[in-house]
Each structure stands twice: as C-alpha cells, then as structure tokens.
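Got a structure for you, questions after.
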Amino acid sequence: MGVVKSTLPDTALKITGEALQDTLVDLLGLSLIAKQAHWNIVGPRFRSIHLQLDEVVDAARSYADAVAERAAALGVSPDGRPQTIASACALPAPKEGWLQDTAVVELLVDALGTAVGRLREHIAATEQADLVTQELLIDITATLEKQHWMFQAEDAPLRT
Amino acid sequence: MGVVKSTLPDTALKITGEALQDTLVDLLGLSLIAKQAHWNIVGPRFRSIHLQLDEVVDAARSYADAVAERAAALGVSPDGRPQTIASACALPAPKEGWLQDTAVVELLVDALGTAVGRLREHIAATEQADLVTQELLIDITATLEKQHWMFQAEDAPLRT
Amino acid sequence: MGVVKSTLPDTALKITGEALQDTLVDLLGLSLIAKQAHWNIVGPRFRSIHLQLDEVVDAARSYADAVAERAAALGVSPDGRPQTIASACALPAPKEGWLQDTAVVELLVDALGTAVGRLREHIAATEQADLVTQELLIDITATLEKQHWMFQAEDAPLRT
Amino acid sequence: MGVVKSTLPDTALKITGEALQDTLVDLLGLSLIAKQAHWNIVGPRFRSIHLQLDEVVDAARSYADAVAERAAALGVSPDGRPQTIASACALPAPKEGWLQDTAVVELLVDALGTAVGRLREHIAATEQADLVTQELLIDITATLEKQHWMFQAEDAPLRT
Amino acid sequence: MGVVKSTLPDTALKITGEALQDTLVDLLGLSLIAKQAHWNIVGPRFRSIHLQLDEVVDAARSYADAVAERAAALGVSPDGRPQTIASACALPAPKEGWLQDTAVVELLVDALGTAVGRLREHIAATEQADLVTQELLIDITATLEKQHWMFQAEDAPLRT
Amino acid sequence: MGVVKSTLPDTALKITGEALQDTLVDLLGLSLIAKQAHWNIVGPRFRSIHLQLDEVVDAARSYADAVAERAAALGVSPDGRPQTIASACALPAPKEGWLQDTAVVELLVDALGTAVGRLREHIAATEQADLVTQELLIDITATLEKQHWMFQAEDAPLRT
Amino acid sequence: MGVVKSTLPDTALKITGEALQDTLVDLLGLSLIAKQAHWNIVGPRFRSIHLQLDEVVDAARSYADAVAERAAALGVSPDGRPQTIASACALPAPKEGWLQDTAVVELLVDALGTAVGRLREHIAATEQADLVTQELLIDITATLEKQHWMFQAEDAPLRT
Amino acid sequence: MGVVKSTLPDTALKITGEALQDTLVDLLGLSLIAKQAHWNIVGPRFRSIHLQLDEVVDAARSYADAVAERAAALGVSPDGRPQTIASACALPAPKEGWLQDTAVVELLVDALGTAVGRLREHIAATEQADLVTQELLIDITATLEKQHWMFQAEDAPLRT
Amino acid sequence: MGVVKSTLPDTALKITGEALQDTLVDLLGLSLIAKQAHWNIVGPRFRSIHLQLDEVVDAARSYADAVAERAAALGVSPDGRPQTIASACALPAPKEGWLQDTAVVELLVDALGTAVGRLREHIAATEQADLVTQELLIDITATLEKQHWMFQAEDAPLRT
Amino acid sequence: MGVVKSTLPDTALKITGEALQDTLVDLLGLSLIAKQAHWNIVGPRFRSIHLQLDEVVDAARSYADAVAERAAALGVSPDGRPQTIASACALPAPKEGWLQDTAVVELLVDALGTAVGRLREHIAATEQADLVTQELLIDITATLEKQHWMFQAEDAPLRT
Amino acid sequence: MGVVKSTLPDTALKITGEALQDTLVDLLGLSLIAKQAHWNIVGPRFRSIHLQLDEVVDAARSYADAVAERAAALGVSPDGRPQTIASACALPAPKEGWLQDTAVVELLVDALGTAVGRLREHIAATEQADLVTQELLIDITATLEKQHWMFQAEDAPLRT
Amino acid sequence: MGVVKSTLPDTALKITGEALQDTLVDLLGLSLIAKQAHWNIVGPRFRSIHLQLDEVVDAARSYADAVAERAAALGVSPDGRPQTIASACALPAPKEGWLQDTAVVELLVDALGTAVGRLREHIAATEQADLVTQELLIDITATLEKQHWMFQAEDAPLRT
C-alpha cells in the first residue's frame, strides 16, 4: 500500500483493485487454457483452430500485462502467481490429454463467455470508481467478444 | 471561431475547450521538463532514468498533438506558444543546472501527480460536455499514471 | 439470430444493433464517395486533396470492418450489400463526372458533418445499452471530426 | 470530357471506356459481396474462408483503383458511386443474414465465374482499341481465375 | 554485336533495338527534365508539385534501367551517354532559371504527352517483332499516361 | 496415445516424455514468476530489472511452446494447465505483494539455478533415449545459464 | 478434369495446358540444375557466380509456382513430380562432381537459351488460345533472357 | 576429392558423405512431392493444407541447401540433379492428377515418417564420424517430426 | 561545472557554451512555433503546409537534442526550461488564433531567416573555439536554410 | 535572383554558386557514365563491377540532389538540363558499345580522379565563402575518393 | 571465481573454461585478421573477396561474444584484451601492407583450417565436461568449415 | 605504395596517414577494451552499463572501418593486426578478471578521455593537410565526447 501512492480515494480503489485482480487471473488462466488446447487439439480443423488459439493466447497475455500494470499504477500489488491462478481463475479447464477439435471450439465458447460475463460486471462496478480502469476493461471485452463470435461461428452448423 | 464550425453546442464547447487548452499546456510543459531532466541528470542511475525520460517526452509530445488537433476539430484554436506555456503550465519546473538522479525521480513523481490531478478534474467536467474528448483525456491519464507508478517504484526504497 | 448467441439482453441488443447497422452503411457509403472524389477531382489542389481522400477511404473501410464484426460479435448479422448501401446510406453523393477541387472540399465537409451528426445520436443511444459499442462509436467520431476540421480548414478562406 | 485530353482516338476511347466502367462496377461489387460473406459466414470452415475472402476483397479494391485511374488517364470520368454499383454490377449478391460456409464457397465460384466471363469479352474488345488497357484486364483476369480455382477446389468433394 | 547472342532474328532485332534505344533516351531525358523542375519550381503549389516530380523521376529512372537491360538482353548495346541524350531526346526542355508552378505543370503535360506518343508508335512496331519488349513498353506507357492525367487534372481549372 | 504415433520405442519414449513434461511446467512456472516480479518490483534498480525480467518471460514462453510441441511430436500429450503448474512446478514462488529489487535478483538466481539443475538431469537421461530432445534441452539450458549469470552479476557486490 | 471447371474452350485448353506443363518441368529442372552448380562450382569467380545462381533458382522456383497454379486455375492438373522432371525436362544437366566456373557459365548460357527457345514457341502457340497464359510466359521469358545476357556477358572475353 | 580438402579422416568422411547425400535427395524429393500436393489438392480442407504444404516445401528447400553445403564443406561433391532425385529418393510419390485432401494428409504422414526413419539411422551412424554433421541431421529431424505430428493430428478423427 | 569535466580550455568553453545555449532556445522555440502554426493554419494550402511544418518540428526537436547533449558533453549544463525559452528565444512568435496559410509561410520565412542569422554568427565564433561544435552548427544551418528556401519558394508568386 | 533571397553576401554567393553548379554537372554526368558502363560491361568480372557501378550511380544521384537543393537554398537556380550536362561536364565519357571489364575499371578510376580534383579546388575556394557548402563538398569528396580507391584496388595487379 | 557460481563441478569447469578461452582468442584474432585483409586486398577479385571477408568478421565477432558470455555464465572470467590476443591467438597473421587477392585466399584457408583444428580438439574434450558448451563449439565449427570450403573453392583452379 | 595512387601531395599524405593509423589502433583497442568490460562487469549497475558498453563497441568498430578505408582511399595501407594494436594502442587496459561496475565507469572515462585528447591533436594537424580526413576525425570526436559525458554522469555522485 504505502509503496506506490494511489490517485484514487479508498473506496474507489478497493472496487477497482478487485476488478483488476479478478480480470488478471481470468486472463492468465485463459492464456494457459488456450495454449493447452493449441498443443492437444486433433481433428480435421487442427491447423485452422491451432492458429486461432495463438491469437487468443497473444491477446490474453498482452491484456494481462496491461491489467497488472494498471493495478500497480493505482498502488495495488497484482497477484499472478501459479497458485493464485489455480485457485482463483473462474474459467473451465480442458480435460487431460488430446482434445477433439469440436470439443476445443465448445471449450473456448464457454471460457470466453464466462470471462465476458465477469468483465461486464466489473465494467458496471467501475463506472463510478475509475473511468480509466473501466476503459481498459471495455477494450478487453471488445476483443474477447470478437473471439467469442468467431468460435461460435465455427460451431454454428453443429447446433442447427 | 466561425472559421471551423463546431459539432458541439456552446456551453459544452466552452467546457471542453478549456479542458483541452489546460491539458495542452501541461503536456507541452511536461515534454520540456522531462527533456531538461534527460539532459541534466547525473548519478548512478543516469542511463536508466535518462532513457525512461525520453519515453515521457515521446508520450507528452504525441498526446499534445492529439489534444491540440482535438481542439481544432471542435473549432477552438489551440495555443501552445512559448509564452503561453511559461505562464499557464501548472507543473513544477526543475531547478537550474545538473540534477541528481534521486531529485529527478522526485521531480517526475510530483509533475506527473500534478498533471494527473488536473486531468481527472477535466475527465469529470467533460462527462456531460463531450464523451469524445473525455475518452482522449482518459487515455492520457492512463499513460501518465503508468509513468507515475514507475517513477514511484524507482523511489520506493528511499521512502521506507 | 440463434446462430451466434448475444451477451446483451434483448432491448439493449435492438438499440445497439440498429446503431451499428446505420453506422456500417454510412461508413461504406463514405468510402465509396471519397473514392469517387479521389478519381474525379480536378483543379490546383488536385494532388493534395487526392491524397487526403485516400486517408478518408482507409479510415472508413477499416472502421466499417470493425463495426460489422462488432455487430456479428453481438449476434446481429451485418448488412453491407450494394443495394443496402444505395438505399440506406444517409450521406450526400457527388454529382456525375469530373469534380472541381473546391466542390470536393464542400462535399466532404457536408458528408462528414452528416456522418458525425448520426454518430453522436448513436453514442447517446448506446450509453445505457452497451458501453463496448459506444466506445467504438466514440473512436469513429473522433477520427471523422478530425477529417471534418481538416476539410473545413482547406475551405476557410473561401467562406470569409 | 475536355477536362483531361485522351491519347486515344474517339472510337477506341468509347470501347475502352465502356470496358473500364463495366469492370469498375464489377470489382467494387465483388469487394462488397466478399466483405458481406466475410462477416456473415458460419460453419466448420469459418476461419479458413473468412481469411480467404479478405484476399478477394484486397484484390478487388486494388484493381478497382487501378481501373478507375486508367479510365481517368484516358480522359473518361469513372463512376463508382453507390447507386451506380447497385444498378450496374452484374454479379450475384448474397442473401440476407448468416451464410453457411458451403453456400459462401458456391457464391464465390459463381461471382468470380461471372466476373471472369465479362472480363474475357472486354479483353477481346480492347485488342484493337488499347493494348495498355487490355494488359490491365489480363492481369485482373489472372488473379480472379486463380481465386476461382481455389474456391472450386474447396468445393470439389461436394460435387463428385 | 557478336558479344551477346540475340534470341531474335535480324529484322525483328533491328526494329526492337531502335524502339528500345529511342525509349531509353526519352526516359533519361524525362528524368533530368523532371529533376530540373523539382529544383527550380516556385509558387503556391511548390511543395505539392515538387514531391510529385520526384515520382516521375523515380519512374523514369527505373524504366530506363529496365529498357537498357532489355536491349542488352537482346544483344544490342544501349547508349545513354550525356551527348546521346542531349542530341536524341525528343522531349521539350524547361527554360533556364526559376519556373513558375503553372509553367511546370504545362511542361510536364507536354513532355509526358510527347513521350507517350512515341511509345505508342513503338508498341505498334514491336507487335510482330518481339512481344516481350512490347509488354515492357506497354507498362511504361501505363505509368506515363497516369502521370499525364494527374498533371492535366492539376491544370484543369486554368483551361475552362 | 494411439492418436499420434511415436517415432521412438516405448522405453525411450517414457524417459523423454517425462523430461519434456517436467521441463514444460518449470518453464511455464518461470514465465509466471518472472512476470509477477516484473509487476511488483520496487527500488533503485526498478527499470533495469523490470526490463530484464521480460527477457526471461519471453524466453520461458518461447521454450515452453517448443517443449510442448516436441512432446506432441513424439505422441505424448503435454499438460500445461493451471492446476498442473501449481502442483508440479519445482521453482520457488515470490512472496505476496511488492518486492524489493535486491530480493527479486536473489529470487531469480535461485529459480534459474533450480531450473538448470533439473534440466541437466534430463540432458543426461535423454542421451540414450532421444538426441533430438536432448538438443532442445541443451539449448534451453544455455539460455537459462546465461540469465543465471546476469542476475548473479547484478548481485555480486552484495556478496563480497 | 471435371474437378475444376475451365474458363477456356477445349481446343484452347489443350494448347494452353501443354504449354504450361512443358514450362513447368523446364523451370523445375532449371531450379535443380542451378542449385547443383551453386553447390559444386570452383574457381576464381566462385563467390560471384555462386550468388548469381541463387537468383536463377529463386526466379525458377517462383515462376514454377505461378505456372502450376495457372494450370490448376484453368482446370489442368500440373505434374511436377521427380520422375516427370527427370524424363520431360529439356534442359542440359551438369556432369557429376565439382564444376569449373567457366564451365558453369557455359552450362547456364546453354540451359537458359534452350528454355527461352521453348518459351518463345509457347508464346506463339497461346496467342489465340489464352492471352492470360501468354502474358505469364512473356514475363518468364523476359526474366530468363535477362539472365541469359548476364551469363553471356560473364563469358564474353573468352569468346573473342 | 582433391579440390576441397576435408577436415575429417577418410573413414569418417565416407560415412558422413553418404548420410548427407541420402538426406539431400530425400529433402529435394520431399520439396517436390509437397509442391505437387500443394497444387493438386482438392476438398474442404484445401486452403488449410495448401498453406501448410508450403511450410514443408520451405523447410525442405532450406535444409537441402544446408546439407549440400555441409557436404561441400567436408570436400564431398553433393549430387542433387533431377535424375539422381528420381532414382535415389526413398519417399513415396503422389499419384498423377488431383488429390483429395484426406489422401494428401496420409501421403505426407507416410513421406515424413519415411524421411525421419532414414534420418535417425544417419544420426546414429554419424555419432562417431562427425558431431557437426550429426547436429545438422538432428535439427532436420526435429522439424520433420513436428510436421509429422501436425499431419497426424489432422488425420486423427479418421482413425478412431 | 565540476560535475562533467570539459575537454576544452576555459575561454573556448565559454564561447562554445554560449553558442550552444543560444541555439538550443532558438530550436526549442522554433519547434513550438511550427507546431502552433501546424495546428492553427487555414486556407487552400492547409494540408500541404500542415505537413511541411511537421518536418520543421522534427528537425528542430532532433537538433535541439543534439545541441543540448553537445553542451553536456563539454561540461555545460543546458537550459531548455519553459521560462528560459519564453525569455531567451529570438524568433518571432505567431499571433493568437487561426492563421491564414499565406501568413504562416511569411512567419516561417522570417523565423528561419532569424535563426540562420544567429547560427552563422555562432559558426564564425566557434571556428577557433571548437571545430566539433562548429560542425554541428553547420549541419543545423544547412537544414534550416533548405527549409528557408522551400518556404520562400511557396511565397514567390505573391512577391513579384 | 530576387525569387529566393540569399543568406550570403554577393561575392561569397558568386564563388559558392559556381562551385555548386560545376559539381552538379559533374555528378549528373558521373551518374550517366556509370549507368552506361553498368549496362555495357562484359568480361569475367561482369557481375562484380556491374553491381559496384550501381553504388556509384546511387551516390552520384543522391549528391546531385543535395548539391542542386543547396544552390536553391542560397538563391541560385541550379541547371541540370541535358544540354548543360553534355556541354559542361568535365568527366571522360565511355566509348560507344560494349565495354571490356578492364576498360570499365580504368574509365572509373579516371572519371572519379577528375571529379575529385575539381572538388578539391572548390573546397579550397569555399573556405572563406560558405562553410556550409564546403562541408557538403567534403562529404562528396570522401565518398568519391573511397570509390576511387576501390576501382584502383581492382586494377592493381594489372599495373605492377 | 566466487563472484559467479558455476553449475559445473571443478574438473569439468577447468576443461570447459580452457576450451572457451582458447576459442575466444582465436575468434577475436580471426576477426582482426579478416578485417586487415578486407582493407588491404588488391587484385581482380577485390570486391568479391572484400565483401566475403566481412561475413567472416561478422561471424567471428558474434561467436566471440557468445563464447565469452558462455564462459561468464559458467563462472569463468573471459580474457579478450589486446595483449592476450597478441600473445595467445594461434592463427597466422597477414604480412604488413597491401595483399594480393590470391594471397588473401590462401591466408584465409590457412587461418580457418587452423581454427577448425583447434575447435575439433575442444569438441572432443568437452564431450564429458559440458554438452552445452560442446554444442556452441559445434555451431562455430560448422560456420568456419563452410567459410573454409568457400575460400578453397575460390582457390581451386590454382591448385590443379 | 604505388598500388593505390594518392590524391594528396607527399607532406600532407604523411601527416594524414599518421593521424589515421594512430586513430585506427586507438579505436580497435577501444572496441576490445569495452567488450572486455562488457563481459566482466559485476555490481548493481551490471545491466545498465553492460548495454551501454556495446554502444561504445559498435561505434568504435564502425569508425575503425571508416578510418582504415579512409587511409586506403588515400593510398596508405592501414595496419590493424593484433600485434600492432597490442604495441601501439595508447588507451589503458582493464585488469584481469571480474570488474566492479564503479571501476568500469572510471576505466571508460579514462580511456575515452585519452582517445579524445589524441584525436584533438590530429584534428589540429590535419587542418592544413586534408579537410576530408579532418571531418572524419571531428565526427569520431563528437561521438566519443558524448560517451565521455555519459560515463562521467554515471560517476558524478561518487566524486562530490
């Protein structure tokens, strides 16, 4: 706390700090889940989904860095240690072993949907607390919702 | 006035124009202050801070351009002339001559803190007046608060 | 509908979907109008305006893609077919044949002004419906207002 | 007319001007059709075809610019306004709403086949009228025939 | 002769060699004329035309190299020495001293028009002699006719 | 198993698969630990170590990808899920909260030393099992030993 | 056949398909011959010719790809398998073992001359059959004739 | 032999030279086979496999160059002439004509498996003869085994 | 003084230090003046001069950095603080508000002329004092005199 | 005169203007002579010298531009028209037709030697007149003397 | 010692440290020798060998850095001071003054042969001591043996 | 001697040749000394100084090349062999083994100070002998004096 002095008042800082910490573990978790699928996917869409998953990984890593540094900028120490991710990440993990391509698409639709749901709650919560943080959460949501659509579009003919 | 027709009503334009003009002089002042420190710093952290200061200069110059062109886009003539900066910039200037590295770190913490304080007031003021301008001010605040943290982090062990 | 599941409730989705569809046809129309002027302009400012028009085209195409993909991300099928643009685009079209440079500048001031007016209505409408979409519309408005100023600045001495 | 002096005699100019104007509206139409499919495609080949469609868009836009500027270079004002594309483009438009990937492949095979057919007529017509324009039409045909093959190759197993 | 063995029969070689040599001196002359105007232009369109002239210079130099190496490839020694350009180049030279911008535009319209006229004769002449050379001449004509249009478009309002 | 057929016999595959899986979790753990320190470091060497830690992160991520894909290439499904890293990574984790720069240097010296110790055991174990995997482990060791030296060199004056 | 539908009538297709297949094997053969010389050349011009041969290889590979894809675009399956090259390539192969630099220059003059001779026959043959294919063959001929000159120029003083 | 003096003793040179010559013809053969499939593939995975095959071609060409130059560096003249590839390459060739995408995947799995099998024999043989050559063969094997996995992963659901 | 030890004797240092300090404030002032004009210019040459002014800004900023670091290299602390620029810069400032394009051209001709006049005095003064500094001043003068010509060339027809 | 106002007094301007005009024609002549040799050279050093000549051409063109714009910057209209080069260039021209490589090397040694001799006279003459111009002439001399050495080094064994 | 803690046991460290130190002085010596030849070479192959020598310099410098940092990584202080190179480098130095191109080729064949001989001894010695260092030495040997071949190939016709 | 003919008279050549030879050995020595420090530095400023030293190395290597080629251009054979550097370089060498960061800073301040002192003598000596060489020495001095300041600035607080 005393190490980096915040530009926000205490109540606003508490709300904002929690929004950022929650988002950080979700994004780090998403980057690990998408990499796991990138390595273990099999099936006729292997190459196509294998490549798309790395776009998810790149976005998740890049936003995790922005979120953690935003927390630090406000004077809140971010926590992205392995144990923290394992216990606090809210996203569904893939099962062990090779993953059929159709199962990967479903996994990503679910994981991205969950992440977006949590982000939209934090966007609402930071409206009064810190517009600067809110804008960052809006940017992340835009990117994850785009990926959410693309994985759903892959999945579409299986649902009709 | 009259030269470039505004897309904003008069009251909103007045608030927004003042927010942009204040921010312009602060950013131009910041770019000059950070360059002054870039040239005059001495001490064991010379190279490390010397390089970081140029990141502040680049950000300040780039945002000053965006702010001034935003004012013009709304029909308000921006004023970034030397005399105007000298009289209107709210940030603390470094003393004459060589500057010890620890003093430079403190100077930047103060200057960035002051600039952020003024920006947060303008963000509040433009909420009703012009969301497009508000978003630009939010972006600038995010960048300056990140630099604010990094200079505080440099300074940390000296405070405990 | 049904194909891509939306992360928005129905009322919010309806408002947001209309804002995005209106903006899509305006941006596609703007890209075609600016290209038409790019090819047909004549006069002593030919080269200068010819080059600036391609900046408008690039921005309009790039934002049209972002807007259409934002609609898809929300589960709304975007419509950018030729007939749709011809019937729904709200911007003024240039007359047939070669265009004097002064007329091109006026045309762009008008077209950009119209587009900005419609965008500002959609920014207000999406405030409650979807902040993620609102931010995209704010970005587009910032870019179009900047072009609006630059074409007005070209035109300035002719008005006084 | 009269504004830009042609280097071609009148008869040759009439034939060449019509070939270029027809090609311009087909290419602009193709760029809009392919973008519409790029946004609305669903199915297991979503990502693969989504990316390929942007190659078609890029080629169509780039050649439309070359064709329009070739017309201008000969003294013929090119017409690429929204209404003109809607009424004069000879290519089949996609239906409203989401598009199954197999339907997109068929649509592109048809649209590209139609465009190539019209281009080959104009190549024959410009043989005597203007070899410079003919060469441009040959280049465009080479590119569209390559895309025509690639969409047919995607489609192949469904036909046997 | 004899040094590099031609892949063309003698009659075809003679026609092709003359077409290439004529084009070489015109292009080298064009590059010098456009540079002279680039340096000596004055007037309110100074910067705009100054930059465009360097595009003409770049194109003329690059095509001169291609033409001379095409001649060598056919076994014909190309001649681009200063005396040869001075005596054989068919394009109009600018007057001594500073050049008003309007005069530069007219000069380029004339020089490019002359060069295109000569190229179209050589395109006709090489139809039977060498299609490979003809294609190169067609490419050059396309580029020069585009510049011809752009300088005419600059000039347009002065003519009506 | 069975999904991807291995080019190695069973015994060799077992040894190699374990070496790769162990290395994978150490590298993923290292990338998270170094990022945690990158965000939480404070002190006069903040900027210098902050930047160096991102070099460690980049190397750890890139090698983790190579190691996981090497396992897949041999027919062994790699496991890099959050829970697996939390339970199987052998490297020391940083404490919660801000970290003094001197403590970060020590943490990295320890973590890199531990990782190198485990890698050297796997290099020995794969000598008979698979030279292709061994070479990859050698490359990783070279890079981590270089970072190990650089963090020790930072630390040197504190030890004498 | 039947798999990819041709845009050419049958007779034209037969002529064009043979021209493309012949050119394909010559270009693939040329790429292998030039690489063989690149590896085995010795003598005082080693480095100079070694580097030039890779320009020949790059051109031959790139055009082989264009030619094969042109055949596919017309609905003709291209054949570039090792046995086909060995039996159908018309160009002279180098002898086994190290090659003196002077012998390499002569070999390339001969191989390029043979390839150009065959290409010029196919250019004539495709004039009526397919102008799009003809243009591709013209481009290839231009490039090979340029290399033909450069190897002859290397050889010149040995012939006089 | 006498042309380039070897740094290896005779026995070691013989073993190493044969390993390199065998690998050279396999890699050149692989590059031709993968290109043949790149041109002739049809089916719903056309674009995805078409692009992946060019990665195989690039790797095979690049390693063939490294292998041939390694042979030359040891004083052994490499032989990559068309006839040699046709007679000595150990990899299975595709059948004539268009190739279904599933058949292409199987072909590549077989060809890469065969190449890897031969490489692993040469890695064992060069352990005593030349560690420098052995390392090159290990690098090639790592790359081909990675491709081997990726084509198997594409194929996976067809096998279960 | 004592902080950085000079390589020049005292008298030479005094002359050189003053030349550098004077040049520093002129260049920083020029960068602010040219930016002010870049934002406030209106008229038919808006885009052309708007872009050219940024070339002046870039040059002025880059040379200001070189000049200040040259002073530091000689042991003289450079002073580029806002108050110093406001009081010591010798160049004419633009009036408040929008600026007609013709007035901007005149302003730049005057400002550049003044700056060059001062630089030529310092070039003479440093001939004996420090050739290293003199060369830097010569470089700056060359660049400013080139800009001086280009703004005069813009202005030319208005003067005759 | 009068059009662009000089920063030099009349006598200095006369000396400087003549030095620049002489250098301009020599550099333009050198660029044409070196290109002529680039196209017409034959012999065993063809490729090596052919490439080096283009370095001379690039340097000559680039410096010609700098010299002409330096003249303009001083208010002196530069003259680089074909007739002026033909009559005023002091460098030896190559003979007509193909040129043996040894003759090209000698030609360049002579041409560069002549150019350097003239430049050294102008360097002496501008010492009092204009140090800014002198520095440009010094830079050109450095580059031409480097080329002079390299062509002499090529020639060396033929002279001993 | 003591400053950087080694990951190797003492005996292995001694062998590895000596191998690295010997290689360091040979590579630094090679970089100086090749530069000396680069500057002093004369003869008809001047340009060709002059350029190739810089490839040797670049490789030698880059590997020297890798070798020295590898020593440091193991806790052994590397010594690359001028006196150490002069006394410990095992490679033959060129004679004073200009060097005929044929003599340069011989010098490089000898120097590279000597360096390779020493490296192969160190590769054998580090097999048990440190596989990580051995791999680095193998990489260096591969590069130097490639250069060794290329200089021998230049020399070949003089030996037969 | 006699091999490359000088453009300078004998006396001037002698002075200039000695200035260049002295500078060459100092710069080569400086590049080796700075690399030695780059590898052996330890202490809390390790990374910061380690990186700065490579900037010194790059500058020293690049200028050494320019100086040696300048000597050759004047007909003087440059001598940069290991023995020559060891015996003629005037700069202080670092002691054997690891180097504390503070000692490295002092070493560089001394080495750069010595080099600058020698350069300033040669600048004075070449004023009459060769202005082209003098300019090169001035450029080198500017760069070394800038480094000299930066290492002094690092050192500053230790001196007060």
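As written, the chain order gives the labels A, B, C, D, E, F, G, H, I, J, K and L, with residue 1 at the start of each chain.
The rule we apply is simple: contacts are C-beta pairs under 8 Å (C-beta built on N, C-alpha and C of every residue); 3 or more make two chains touch, one makes a residue touch a chain.
Small disclaimer: the values here were computed from a predicted structure and weren't measured.
Shared contact partners of chain B and chain I, listed by label: C, L. In terms of residue-numbered contacts, B-I and C-D present the same interface, as over half of their contact pairs agree; the other options in J-L, C-I or C-D do not. Chain D and chain I have Cα centroids lying 53 Å from one another. Looking at chain H, residues 3-4, 42, 44-45, 48, 69, 72, 98, 135, 153, 156 sit in touch with two or more other chains. Chain pairs recorded as touching, per the definition above, are A-B, A-C, A-D, A-F, A-H, B-C, B-F, B-I, B-L, C-D, C-E, C-I, D-E, D-G, D-H, E-G, E-I, E-J, F-H, F-K, F-L, G-H, G-J, G-K, H-K, I-J, I-L, J-K, J-L, K-L.
Across the complex, chain H meets chain A through its residues 44-45, 48-49, 51-52, 150, 153-154, 156-158.
Residues 113, 116-117, 120, 123, 134-135, 138-139, 141-142, 145-146, 148-149, 152-153, 156, 159-160 of chain B are the ones that touch chain A when the two sit in their complex.
In the complex of the two chains, the chain B residues touching chain C come out as 2-5, 7, 69-70, 72-75, 131-132, 135-136. The residues of chain H lying in touch with chain G in their complex are 3-4, 28-29, 32-33, 35-36, 39-40, 42, 61, 64-65, 68-69, 71-72, 77-83, 85-87, 89, 93-94, 96-98. Put simply, chain G touches chain K in their complex at residues 41-48, 50, 98, 100-101.
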